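Each of the next two complexes has subunit A plus one other chain: subunit B in the first, subunit C in the second.
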Partner chain A sequence: MKFRLSSDAVRLAIPALSLTLLLAAIFWLQPRAMSYGGLNLLLNLAVPIALATIAQMFVMAVNDLDLSMGAFVSFVACVTATFLKDAPVIGILILACAIAAYAALGVVIHLRKLPSIVVTLGMSFVWAGLAVLLLPAPGGQAPDWVRWLMTVKPPFAPMAIVASIIIAMFAHLIVMRCSLGVLIRGIGGNQRSVERAGWSVVAARAAAYGLSGFFAVLAGIALVGLTTSADANIALRYTLLSIAGVILGGGEFIGGRISPIGAVIGALTLTLAGSFLSFLRISPDWQIGAQGAILIIVLALRLTLNRIENREKLQ
Partner chain B sequence: MNDVATAIIAIRGAKVSFGAVRALDDVDLRVMPGECVGLVGHNGAGKSTIVSVINGGLTPHEGTIASDGEQLERYGINAARARGVRCVFQELSLCPNLSIVENARIMHRDLGGFRWRTRAADVIGKSLDIVFPGHDIDTSQVVGDLSIAQRQMVEIAMAFSDAGIPPRLVILDEPTSSLDASLARQMLDHVRRFIASGGSVIFISHILHEILETCDRIVVMKDGRVVAERPANGFVHHGLVEAMGSVAKAQTGQRSVSGQTAAPVILSHRMADIPFAARKGEIIGLAGLAGHGQTKLLLALHAARSSNWLPERNPLVTFVAGDRRLNGVFELWSILRNFSIASLADMSRRGLILVGEEETKGADWKRRIEIRSPDMSNHNILSLSGGNQQKVLFARALATRAPVVLMDDPMRGVDVGTKQEVYEIIRQEAAGGRTFIWYSTEMDEVCLCDRVYVFRENRITAELAGDAVNETNIIAASFEVAAA
Partner chain C sequence: MTIRKMLLASAAIALAAMPVSAFADTSAKKIALSNNYAGNSWRQAMLTSWEKVTGEAVKAGVVAAADPFTTAENQATEQAAQIQNMILQGYDAIVLNAASPTALNGAVKEACDAGITVVSFDGIVTEPCAWRIAVDFKEMGRSQVEYLSKKLPEGGNLLEIRGLAGVFVDDEISAGIHDGVKQFPQFKVAGSVHGDWAQDVAQKAVAGILPSLPDIVGVVTQGGDGYGAAQAIAATDRKLPIIVMGNREDELKWWKEQKDAKSYETMSVSIAPGVSTLAFWVAQQILDGKQVKKDLVVPFLRIDQDNLEANLANTQAGGVANVEYTQDDAVKVIAASK
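Entry: the complex of A and B
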């Protein structure tokens, strides 16, 4: 038997490669970034994005898409900067309810066979409205423990890197190693066969959405820890960033093919792409477009590799 | 009777209908321990439906299910699995994105807990070793990376694997369709071993000699009914084929063949064994069991004769879709719009649609094929019955100038009256020089054709013409074995 890389390994190789390339380019342009403080500055905004990407990944694992991610993270940020700071018990209660609402959404989407895109797009206005009600103007303050958590200086590696590794390992444990994760991915792969084996697909889908809500809550809290205050529109970009992160990290829109480690790497890549363009002194007017171009290049690379792999399989 | 008391599963008087279609009509089926029951029948005979009833996925609208002498009121997927009923489905039903071990975890609900990976790998690995000794499948591989044959091997091994609840009744629905001869032999040997140790198997296959040599008893189904049930040694190959067909009906729907062999070939396609060719004015049937390459040929014919980017000025082929909801009707559009979409180019000038011409043409076809609707342009297509929707799709294809009409089993779920009307239209159009290439899963329709190609495993295995087009010949060719 000849040795063959599993398709999962190939899937992970491209995001890892693009992250390394970007990092190398940044270090070459700006050698001072190659330090403890420099790396932390470069990457700390990646932590909430990585969490939001993991959250999106759970929804995409069951072949759905969450378009309310950005609005939801903003809402959580507003709750964190107000209730969680002033009345922690009520704050925690609100966040728990929000996670329960996410799980309930999963149930509704499954039972009524609704398109998740429509439901979550509708919900995004609900979350945005709630966020505006909480914080009509930017303000609030991060709870001290959150602030401490996001500015802690662990030995050897900066917080952003340690946190990314912990997030990736934790998500990997849930999604790839435990039975629930297998079940969730199984639904994405072949829902009928999961049903035929006697599992409750509703419960599994609710769990996937609930986990998504949980990670999105963490993303909101982490974001406030970095920015120290919140705003109702603070994380609107996260909807598309999180989807892009999952796809960059080797995930796919359908088929339950996802990779938590890849998703975190994807989130890091997206964050670095922005810094890289600043270092290149590309004017902010062109940055969004250039970021899109990087995304297209990476995805094109992956499509090409997929095609080569398929051709090999046919032979 | 004592049989009912010991039967692993005993179904009495099961009736299932989907809309107007009777999928199961008063079916009795009993499987005893240590018995291999063969289930054969042509398309739509009800084999898959009875399988769904046994594995708990479908509750019969009437009838009772008993197991081990116990009448079961609430029978579902979990009840079936708890009694050791396992199923290998016709279409591969593993999750392609998961590894073999993870699939085993999904299949066996009570495998959970710490270190389930080791246990699952153990269970499925052991089963693979027993069923397919000498296989080279690594259980940590992702199913999507396996070849089709390997996937089927894993699926079969999965059904025979034991994780807590031992399998007692294994349903094999076309299990050998992608296995080569030696692997199929290994599997059949295992089936015999399993039977000898007291297990039961329901074996569905279109490879008749497998059925004849493996099964103890053979049940023949047709049109949702059991039409014959005998010990396997009571059947011979030919008798089995005859039992699947109906008694030859005295119905000569076929046209008289007059000088068609002289007509020019209008369309041809290279196939592996027998080349495909269609002459002007012919009605050509594509027969054989469903999913054996007929639709693939239609799509290939269509793709070869139409351009990718711009619509052609004078298209050679037009297509009548089989799955109306999926790729036939535009649900939000009016009847007229649905009719005219394929020939809009003929009804417009300088890019603008000539409304008057569209309406006259619509009214003309409405009269010709009798679409039952008071108003074509204000009524939504969904206001029509299924049969009339299908007529609109026919009119859409016939209104184009294309001389060849490809039909992908378009009469599925259409009532008899409409069918007769459409058959008449097809005959008229064919007499006028149009060519029809007609894939149908219904024997009556295939028998209307001038010439029939019978498909098996993406190849044409027989070409029948004139008087040779009859049910017996078609069934014989659909079930024929290359090696037999």
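Entry: the complex of A and C
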């Protein structure tokens, strides 16, 4: 009998491999990074990106795309640095409303059969506007408990790694080990068959968007915990980073095929790619291109592996 | 070797090493420049000045290294990661032009905690552990009105060209101009438009507002908009008012042409991109053990009728008039703040 990896494991292998390679290269270039504090400095900004990537993953799971992720995380960051600090009850209320708004978006997109790209692109201006209203000039302050949470020094492994593992496990439980997760992936894979089986597709899509909103809120809070204060444009890059993270981690644009653990690894890889290029002393003019090249190499690897996988299935 | 001998030996080594540490030599120190944007002529000039001045300093052995880094995208999160990478790379000081005054505070705090000197300039950060080299933008606005009051003692109507709406610098310069008008009440701001610090935008905006304005004796600007204003006014049959320039090459060239043709007089004022080199020397002074106040003010670069030619000759086509600072300049700025 031949030993065969499950397709899920193959899907995870490439992101894990690229992360290990990058990490090894960074340790070789900069041995100082190979310590508790070094790893934390290297990876702590990946925690909010990982959370935003998980948020994007829930939307991509139901075959949609969220272009408002960056603006929404910025908005949450502004709420965290103002209301959540000064009036925690109102702050939590606002964030809960924001999550409800996300779920409502899912319902609207489903009922009116609107393209999610257009709706979320429109919403990105709404979130950006609200963020500017809250913080017209950069400022605010992180609540003490958030700051404590993001600078805590757990034994054995730095916060960034512990947090990444917890996020990955938590998302894995929701998506892979719970019936709601199966339903969400089912909608992305084949909406009609889920409908015929008697499930409420509206509810499931609303849940997917709500979960996305929830993780995006966590991303915003985590980001402010690291930066100590907010700015209405603080996370604009997260829209594309989160999409790239999902794809790098083994997800696909056609819904249903996602991997939460892979998504977290994808986010870490993206963050490390930036550091790697900076340690290499590549001129900034080339850095965007080099970052793109790393993405393309990883994706090419995955395509090759997919082809091998398919060929084996046919045999 | 007994423990006593070992103690004696280490004491001797410590004594031998003492004079060196007391002298606080910076020749082994490494300084990094963290820059968030390189996409306009001002930032390009800033980076060129940095390369030139720090290159000489490294060659002369003042510091061991002075490496510039620019983020691939103008985003605070990217720059925070960049600063954290610099901590790992073991720099002793970070000179910083920040993408956001607040969003980098976490990373700056990490750097301070690691014992790194952080000096921010132009785009400054609010984190208390960092040094700030700020421009007195208010004074930059006020001095324009003061200049006009000397040229035009009887006063008159002014046209104000503002920068990019909602940006801190725009508010500051404009507040300074209005303070100046209060100080010299013979002037009145008859109209104000946003020129976005760009000649083409300023030209369109000024052409749009001109028909509704009374006679204008002066145009107060923020830099990068004087040439556009001049073009818009020249297209009408109005008398050319005194247009304050902003040190851009096209503005200085136009001024020179007018000066030669009809002895036109004005002045030009802006922040010199070479301020990055001042920040470098300030960082070097701090590493050298000097006591430096956390908030320093950098002088802005002013060009007048008599030094126009010299400055124009030193300005690259399409660039900005520039000065590069020396160690002595930094010492003077530090002394002036005390």
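Methods note: the second predicted complex is superposed on the first by the 311 of 315 C-alpha atoms of A that agree within 3 Å, B and C clash if a C-alpha of one lies under 4 Å from a C-alpha of the other, contacts with A are read in each partner's own complex, and residues count from 1 in each chain.
Going forward, a residue touches a chain if its C-beta (ideal position, glycine included) is under 8 Å from a C-beta of that chain, and two chains touch if they have at least 3 such contacts.
Computed from a prediction, not measured in an experiment: that's the story for all the values here.
**Student:** With both structures superposed, pick whichever of subunit B and subunit C touches the larger number of subunit A residues.
**Tutor:** C
**Student:** Looking at the overlay, does A:223 come into contact with subunit B only (first), subunit C only (second), both, or neither?
**Tutor:** Only subunit C; A:223 stays clear of subunit B.
**Student:** Contacts for A:57 in the overlay, against subunit B (first) and subunit C (second): which applies, first, second, both or neither?
**Tutor:** neither
**Student:** Please work out whether A:140 is in contact with subunit B alone, subunit C alone, both, or neither, and reply first, second, both or neither.
**Tutor:** After superposing on A, A:140 lies in contact with subunit C but is clear of subunit B.
**Student:** Is A:246 touching the first partner subunit B, the second partner subunit C, both, or neither of them?
**Tutor:** neither
**Student:** Considering only the touch criterion stated at the top, classify A:256 as touching first (subunit B), second (subunit C), both, or neither.
**Tutor:** Only subunit B is touched by A:256; subunit C is not.
**Student:** Do subunit B and subunit C touch any of the same residues on subunit A, and if so, which?
**Tutor:** Shared contact residues on subunit A (touching subunit B in one complex, subunit C in the other): none at all.
**Student:** Touching subunit A in the complex: which residues of subunit B?
**Tutor:** 55, 57, 77-78, 81, 87, 89, 93-98, 102-103, 105-109, 112, 116-117, 136, 141-142, 144-145
**Student:** Would you mind writing out the residues of subunit A in touch with subunit B in their complex?
**Tutor:** 1, 6-8, 177, 179, 182-183, 185-186, 188-190, 192-199, 255-257, 313
**Student:** Under the definition above, what is the set of subunit C residues touching subunit A in their complex?
**Tutor:** Per the stated touch rule, the residues are 38, 67, 69-73, 75-78, 80-82, 84-85, 87-90, 100-107, 109-110, 126-127, 166, 168.
**Student:** Tell me, which parts of subunit A touch subunit C in their complex?
**Tutor:** By the definition above, subunit A touches subunit C via 30, 32-33, 38, 41-42, 44-45, 136-140, 223, 225-231, 233-238, 271, 274-275, 278-279, 281, 284, 287-288, 291.
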